[in-house]
Amino acid sequence: MKLINFEFLKLRKKSRGWLGPILVFILIMTAFPLTVEILNKNLEQAFFSILWIATLLVMMLATEDIFLEDYNDGSLEQMAIKYDSLSGLVATKIFVYWVLIGIPISLIGALYGFGITRSSESALQILPILLITTYIFLNVFSFGNALSLTKGSILGTLITMPLVLPLLVVLGKVVIAINLGISFLGFLFLLLGILSIIILILPMIISFVIKAHLE
Amino acid sequence: MFNFAFDSIGEAFMMQSANGQYHGIYVWSVVFIVLTSLLVTFFIYKRKIRNIGKKIK
Amino acid sequence: MIKKFIHQFASPKTYLFQVDRAYPYIFYASLFVYIGSLFWGLFLTSEDFVQGNSYRIIYLHVPASFISQSLYLAMAFASAIFLIWKVKLSAYLVKSIAPIGAVTTFIALVSGSIWGIPTWGTWWAWDARIISTLILFIMYLGLISLHDSFTDYEKADKFLAILVIVGSVNIPIIKMSVEWWSTLHQTASITVTEKPAIDASMLYPLFGSIIGFSGIVFCLVILSSKLQILLREKNKSWVKDYV
Amino acid sequence: MKKILAADNLCYSINETKLFQGLSFDLFEGKAIHVLGGNGSGKTSLLKIISGLSKPTRGSITKSNKKNVCFVGHKNALKQYLTVEDNLSLLEVDKHNDINAFLKKLELSKLLDVMVASLSYGQQKKLALLRLFLNDSDLLVLDEPCVGLDRKSQDILCSFLREQKEEKKALIFSSHISLDVDSEYINLDKAIS
C-alpha cells in the first residue's frame, strides 16, 4: 500500500510526467478537426480512428521515462534489493501511471466523442473501451521501455508497435460495431480478457528484464 | 512428363496468358529479386566469415 | 540430467564441426531441388485458368512466407531453450536466424506485392495477410536492432530471447487475421486440414520449391550461425586451430 | 560468531573477459572486509553480487538472511525534483526515532523543505548516507562511500562504521580513501589467476 503512495508522490510532483501527455492528447484531438473541413459527415467517421491513434501516441510518450528516471538515479537498484520480486513494484508503477494519465485521457476522449458525434450514448460507450485500451497500451509500452532502458525510447516503440497492432484490429471492429449501433459488449469483454492476461504476465517479464539490466 | 507450357524460349519469356496479358515481366522480376537477394545474403555471410577468420589468425 | 546432456551435445565446438561436415551435402541437394522445382513450376505446368501465368509466382511467394513464419517459431523455440537451460548455442542461433528471417520476409513481401499487380490490380492492398507479413518484417528488424544496441552480449541475448517469445504471440494472430478479416487474400492454398485448393499438377512443384527453399535458407542459417560462433568465441583456443 | 556471508570459488566475466576468478571468503558478524583493486577490476561487480543484484558466472554465495542487505552505491538514489523531506519518506527513514539527531549532526536539519536539486553534491551524498545510518540490516555493502564527502563527514562515517561493527553488523566496502576501520583485505587485481 505504501508503495502506491510513494509512486503517487513521485509522479504527482513531476508535472511534466503526467500533465505533459494529457496536454499532447488535447492538442492532437483539437488539431484533428482542423485538418478535415467543416462538413461533419466524415468528421464523425474519422473521429474514432484519430482517437485510437492519439491514445496510442500519448501512451508512448507517457511511458518514456517510466523506468528510465529511477534507473538513472539508482533508486531502481535499491528497490531491486529491498523487494524480492519487482513485479509488484512494476504493476503499481503502471497502475499509478494509468490513474494519473490513463483515466484523464479516457475522460477527455469521451468528452471529445460527445462533442463530435453529439450522441451522449456513444460517448458513454467508448469510455470503458478507452479505459481498458489505455491500460493495455501502458503495459505494452512500458515493456518496450524496459527492454530498451538505456538505449533511448525509439527502440522501445519500434519493438512494441508490432505487439500493439493486433489490438488496433480489435478496436477497428469496435468502431464498426458502434457505427452500426449493435452492442459491442462482446468486444468489451475481449478487451477485458486481453487486459487481465497482460496485467498478470507483463509485470513479471518486465521485472525479469529490469533485473537483467541492473546486473 | 515434359509437356512444355510454352513452345519457344521467347514466348516463355513473355508468358502471354489466355487473356492476352504479358505476365512474364512480373514472374521474371520476382525470380530475379528472389535469386539476387539469396545470392547477396550468401555472399555477405561468406565474406564476413572470411574476414573474421583472418582477424582471428 | 537433461541440462548436462544439452550442454554436452549443444556445445558450439561440436555443433561447428558437425555442421561443417554436413553443409556441402545439404547445400547442393537443396539447390538442386529448388532450381529443379522452380524450372518445373515455371515451364512445365500448364497455365492457370483464372490468373493466367502470373500464378507461377506462387512457387516463389508461398515458400518464402511459409519459411519466414517457421523461422520465427524456430527462434521462439531456441530462445525458450536459452532462457530455461541457459544453452549458449541457442542464443547464438536466435541471433543468427533474425537477419535471415528478415530477408525471407522481405522476399515474401516483394513477391506478394508484385503478384498482386496483375491479379488484384494494385501492388499494395490493405489486406490482413500482407499487413501481418509487414508486421513480421518490422518485428525482425526490431529484433536485430535490439540485439545490436547492447555491447554486452549476455544482456543482448537475454533481451532478444524475451522479445522473441513475447512477439511470438503475434504469429497466431497472423493466422487468425486471414479468416477473421477475410478480405482480398485467397485463403491459404495448402492447409494441413482440407484438400489443397489447387490442382495436383501444380502442387508437386510447390512442395518441391518449399523443400528446396527451406534447404537453402537452412544453409544460410548455418552460415550465419558459424559467423556468430566465430564472433563470440574468438578468443577461445579451439577457434584458432579451427580457422 | 554467526557467519553472515560465505562465498566460494566466485568468478565473474563480462563478454568472455574474466574480471575475477576463484574468489572465496567468509564474512562473520562484527567483521569488515575492504575490497581493493584498480579501476575496472570488478569491485562494483563483486559488491553487486554480494548484495544480490547480479549473479556470478560461476561459484556461489550463501547469505544467512537474503533480504537484510543495505547497499550504498555510486548513485545516491535521490529524487532531484522532490524536497528533502519527501526523499526522507521515500527512503522510509522519516519515522525513525533518532532521525533528527543524525540530521543535526550532518547539518541537514535546516534544509528539510529544500529541493534536492539545489543541494550540493556533498549534501546529497550525506542525505543518501542516511539510508545507511538508520538501517537495521545486518550486512552493509558500501561502494566508495567517501567520494564527495568533506573531512568532517568522513569522520562521522568512519565512527559510525566502527559503531556498527561493535553492534555485530557485517561490513564490506570498497574505497580508494583508507577508512580507519580495521578490516581484512581482498585484492581483486591478484584474483585474476
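By letter and in written order, the chains are A, B, C and D; residue numbering begins at 1 in each of them.
The criterion applied here is as follows: a contact is a pair of C-beta atoms (placed from the backbone, for glycine too) under 8 Å apart; a residue touches a chain by one contact, two chains touch by 3 or more.
All values derive from a computational prediction rather than experimental measurement.
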Selected pair, greater C-beta contact count between A-D and C-D: A-D
Whole-Å separation of chain centres (CA-atom averages), chain C against chain D: 50
Chain A and chain D: spacing of chain centres that average the CA atoms, whole Å: 38
Geometric centre distance via CA averages, chain C-chain A, whole Å: 33
Centroid spacing, where centroids are CA-atom means, of chain B and chain D in whole angstrom: 64
Chain-to-chain touches, reported pairwise for every pair that qualifies: A-C, A-D, B-C, C-D
Touching residues on chain B, where the partner in the complex is chain C: 1-6, 12, 15-19, 21, 23-24, 26-27, 29-31, 33-34, 37-38, 41-42, 45-46, 48-49, 52-53, 55-57
In the complex, chain C residues that touch chain B: 38, 42-47, 49, 51-54, 56-57, 60-61, 64, 99-100, 103, 106-107, 110-111, 114-115, 117-118, 216, 220, 223-224, 226-227, 230-231, 234, 239-240, 243
Complex contact set, residues of chain D against chain C: 14-16
Interfacial residue positions of chain D with respect to chain A in the complex: 48, 51-55, 66-67, 69, 71, 73-82, 86, 89-90, 92, 131
In the complex, chain A residues that touch chain D: 2, 6, 9-10, 13-14, 72-75, 77-78, 80-82, 84, 211, 214-215
